[in-house]
Amino acid sequence: MTMDYSADEIMTVSAARMLRNRTVCFVGIGLPSKAANLARLTHAPELVLIYESGPIGAKPFILPLSIGDGELCTTADTTVSTAEIFTFWLQGGKIDVGFLGAAQIDRFANINTTVIGDYDRPVVRLPGAGGAPEIAGSAGEVFIVLRQTLKTFVERLDFVTSVGHGEGGGYRRRNGLTGGGPAAVITDLGILRPDPSSKELTLTSIHPGVTIHEIRAVTGWLLRVSSNLEITPTPTSEELSVLRDLEQRTAAAHGVTSV
Amino acid sequence: MARILPLADAVAELIHDGDQVACEGFTHLIPFAAGHEIIRQQKKKLTLVRMTPDLIYDQMIGMGVADKLVFSWGGNPGVGSLHRLRDAIERQWPSSLMVEELSHAGIVQGYTAGAAGLPFGILRGFTGTDLPKVNARIKSITCPFTGESLAAIPAIRPDVAVVHAQKADRVGNVLVWGIIGVQKEAVLASKRAIVTVEEIVDRLDPPPNACVLPSWVVSAVCLAPGGAYPSYAQGYYDRDNRFYQLWDQISRSREEFLRWMKLNVLAESGRLNFMEKFSNIGRMA
Amino acid sequence: MARILPLADAVAELIHDGDQVACEGFTHLIPFAAGHEIIRQQKKKLTLVRMTPDLIYDQMIGMGVADKLVFSWGGNPGVGSLHRLRDAIERQWPSSLMVEELSHAGIVQGYTAGAAGLPFGILRGFTGTDLPKVNARIKSITCPFTGESLAAIPAIRPDVAVVHAQKADRVGNVLVWGIIGVQKEAVLASKRAIVTVEEIVDRLDPPPNACVLPSWVVSAVCLAPGGAYPSYAQGYYDRDNRFYQLWDQISRSREEFLRWMKLNVLAESGRLNFMEKFSNIGRMA
Amino acid sequence: MTMDYSADEIMTVSAARMLRNRTVCFVGIGLPSKAANLARLTHAPELVLIYESGPIGAKPFILPLSIGDGELCTTADTTVSTAEIFTFWLQGGKIDVGFLGAAQIDRFANINTTVIGDYDRPVVRLPGAGGAPEIAGSAGEVFIVLRQTLKTFVERLDFVTSVGHGEGGGYRRRNGLTGGGPAAVITDLGILRPDPSSKELTLTSIHPGVTIHEIRAVTGWLLRVSSNLEITPTPTSEELSVLRDLEQRTAAAHGVTSV
């Protein structure tokens, strides 16, 4: 049996599938948090979720609206200070996977969450760095989830908030970045992975019904396509029903549909 | 030793125009009551420091108390932009706002160095990012053992830390629990500290190894039930996520913002009326 | 994720000759049972690290498991000298012992840097003392903001941390409380960690913000009731101050020391018999 | 009414009197701990005692044998990690008074607790630095309590473990030491204080019945004597009875007389 699903749903499900069971995941709020909790509620029940506000091993029943909802603390194995989260757990190398969103991304999976336009006279002032630069620097690997548009997939970032693969292959090692950097970017249209040597993002999986032409049309550079391009498996009915239940519970609790 | 003071007196006495003020709280225990009192007293030219400036900083900035912001993430968590913060940065309303920007890990090191009596803190950070280009206070330092280059951040030492906590005892020892953020670091880094609390009790009876601020590192303890609302106080009331969403509407226009502030913050009993609309706080206020 | 293992298996598998081993515990929760197992298995050429080497390190050094000691205070607390440690340093018995010496604050920075993934830590320390003359790993570093000179200590990253705690759950999450010393820092700084516990329970139910070591930073959890004895485990049994005083006599002569070790550590059921002499442990063992 | 007292008793009582109420005292084990608790049980009930093992605001009913007895934790306002004690509380400048013992002391109140003899071939290997170097460096002021003998009051330390006033006046400021350094040395014979400008230890108070000649005979350098030399007030009967009760309780609990 297959169910209908939306572009956002296959994005979330595909992101969730990236997370292996028994790994330790540092979760950003919004799409990453939704995908990570979907993973925990489906194939990865022992996934360890760490939120920058302090909870270690959070198991929220509804999605948090903020990065520090009480639900995260009461369901966690323990809650430490935010200072400790960043020093001992993230910088200390205890995080397998960092899970981030972005406002802009470039071909080497560098990220902007700071400003659109000039820094001193911005068109749009975005929230800023938060925990992202050090998650991108120190996590064992990084997954990025965002919707793919010409505004988000840009030739040149307005501001480099967090480094992915910098200027390409070898950049991270040369610059002493301890984590492995972005391993995949999951969008509403497909999945992009860095080329093993050049580190340029390459389309490796395309969601059913999406064309390469459509994806290239919303990518701000000439997107490379893998010679082994796959079609993303459709969400299973179990994945969709768990996701929808989670969203409904969350909407009922917060009085809104989740982000 | 801390004095137990009315909040208005503590703000009047301990926060001066031009001070560097850190109202901390990581989503949990945000000191809204104290922030509203700072607005009511029309403090000026403050440098506001905080990892996660949210609604209360949006309100303080929109009401013109600050001329500088030191921060790492300024948004309405899970909702979107802080429109008053953006209006100040993008269009200098009500006045221009200097910005000094770090990452969370950078501010953590700044507070930690301040609390630890060190002039700077070190971290693995900022490599390859544009943040050092726009913040001259991010420098680098070389490890004398390995030759590695690391980021160095100067200590943050606010004039005043302002935090909210669950309870204090009658001599002013404070117990904080749940998501404790960087409140302890901010208090220990600051010259003075104001702590608002949900209740003042005869005995704290903290669990082992709890986050306790001893009376002698706190300047003033102020009873402020519901003082974190619309943020939350674990064990007392939940975060009012609906208000955080509503704020997105209220704060989009300057006029609607000013109207709301007059009614709910500046007016006599404004904050009380605001809180009383919400049953879970109303019971405690 | 931690495996629940018999202590003998964990020591055999996880501690290798030549390893740097940190058996931590600040008076409280000293891992005596694990130390005795290390002696029984005749590990060799260990570098032992610890802020406060006490009786268990005295015994390990006297039995020849170590060829180097990294420490900041080596004594029998409240009683006097560690005679086996002194015999090793002063008269090379049973063999010579290299010593690398810091202050408490220095070791704290070493562990903290190790846990934080930094190559070094900084502190205000050692100015005017002779310690940098005898320890080349104490260097200085200049603040890039103020020009002040501070001490720099390289990260301590033991191969194995060995600690004792009150309890673990069945997946290996560990709860430590009371005087927690630097155990968390030592575990997080180390490549592997062995944790002995008083009991293994279905649910930890830690208080808020407790010191919990998640299962996934621990290599092995070993059930060892009374495992801290003659040190203590808060909530389980008291420190046997009388034994600490008695040790001063036992350890003064090499012969008496060896006789005691044979009887109480090397012999089959030696440790059990030793503990059973003391009623407060006997009930639990 | 006056009671007979021993030389150790007037030393402990005199040391206790140094501690003002409502100050924050970082306490070494042994003599300093006994004097600090005597102060707390007499004239300074709100004295805050911090032990390096982690307890803040300890109020022990019996003296701890070790620096980490359970009694310290269960009676404290809270107990933090040892790492936090040294970073936030001591180095962070929160300590008014550091209270230390010593094996050797020199005329500028520098301290040795490391070795007697040569470092590499010591005659006696002492326990070492512990927390003393940074207590001596960072506490607002420092009190040192030890018995006065030719072995302890030496012309030249075998090893400088913790710095008092270094080479004399101005040394601490020149070398960036943040705390004020030793303010008094309390012995079984008298009380010595650093000269305001030269910082050389000067006998400012002599215990009743002790002569200057006796003190000089057990001091390894030519001890300066204040022109305003005082006679130490004798212990009051209340001080002595509180001290003896404390020692008796402690002996009963530990099965020994306390140190």
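The letters A, B, C and D name the chains in turn, as written, and every chain counts its residues from 1.
Basically, a residue touches a chain if its C-beta (ideal position, glycine included) is under 8 Å from a C-beta of that chain, and two chains touch if they have at least 3 such contacts.
Keep in mind that what you see is a predicted model, and the values were worked out from it rather than measured.
Remark: among chain pairs A-B and A-C, A-B carries the greater number of C-beta contacts. Between the Cα centres of chain C and chain D there is a gap of 28 Å. Chain C has its Cα centroid 41 Å from the Cα centroid of chain A. Between chain A and chain D, the centres computed from C-alpha atoms are 57 Å apart.
Counting only residues that touch two or more partner chains, chain A has 73, 79, 87, 91, 138, 178.
Contacts with at least two other chains are made by residues 112, 117-118, 123-124, 148, 178, 180, 184-185, 208-211, 234 of chain B. In terms of inter-chain touching, the protein chains here follow a pattern that is not a line, ring, star or complete graph.
Chains touching one another form the pairs A-B, A-C, B-C, B-D, C-D. The touching residues of chain A, counted against chain B in their complex, run 29-30, 52-55, 64-70, 72-74, 79, 81-83, 86-87, 90-91, 110, 114, 119, 121-134, 137-138, 159-163, 166, 171, 175-178, 253-256, 259. In the complex of the two chains, the chain B residues touching chain D come out as 1, 112, 115-118, 173, 184-185, 188, 204, 206, 208-212, 214, 216-217.
Within the complex, the chain D residues that touch chain B are 22, 24, 46, 48, 56-57, 73, 77-80, 87-88, 91-94, 138, 178. Note for the complex: chain C touches chain D at residues 26-28, 51-52, 71-75, 77-79, 81-82, 85-86, 89-90, 101-105, 108, 111-112, 123-131, 134, 148-149, 178-182, 184-185, 211, 232, 234, 238-239, 241-242, 244-245. Chain C contributes residues 117-120, 122-124, 137, 139-141, 143-146, 148, 150, 152, 154, 177-178, 180, 207-211, 234 to its touches with chain B in the complex.
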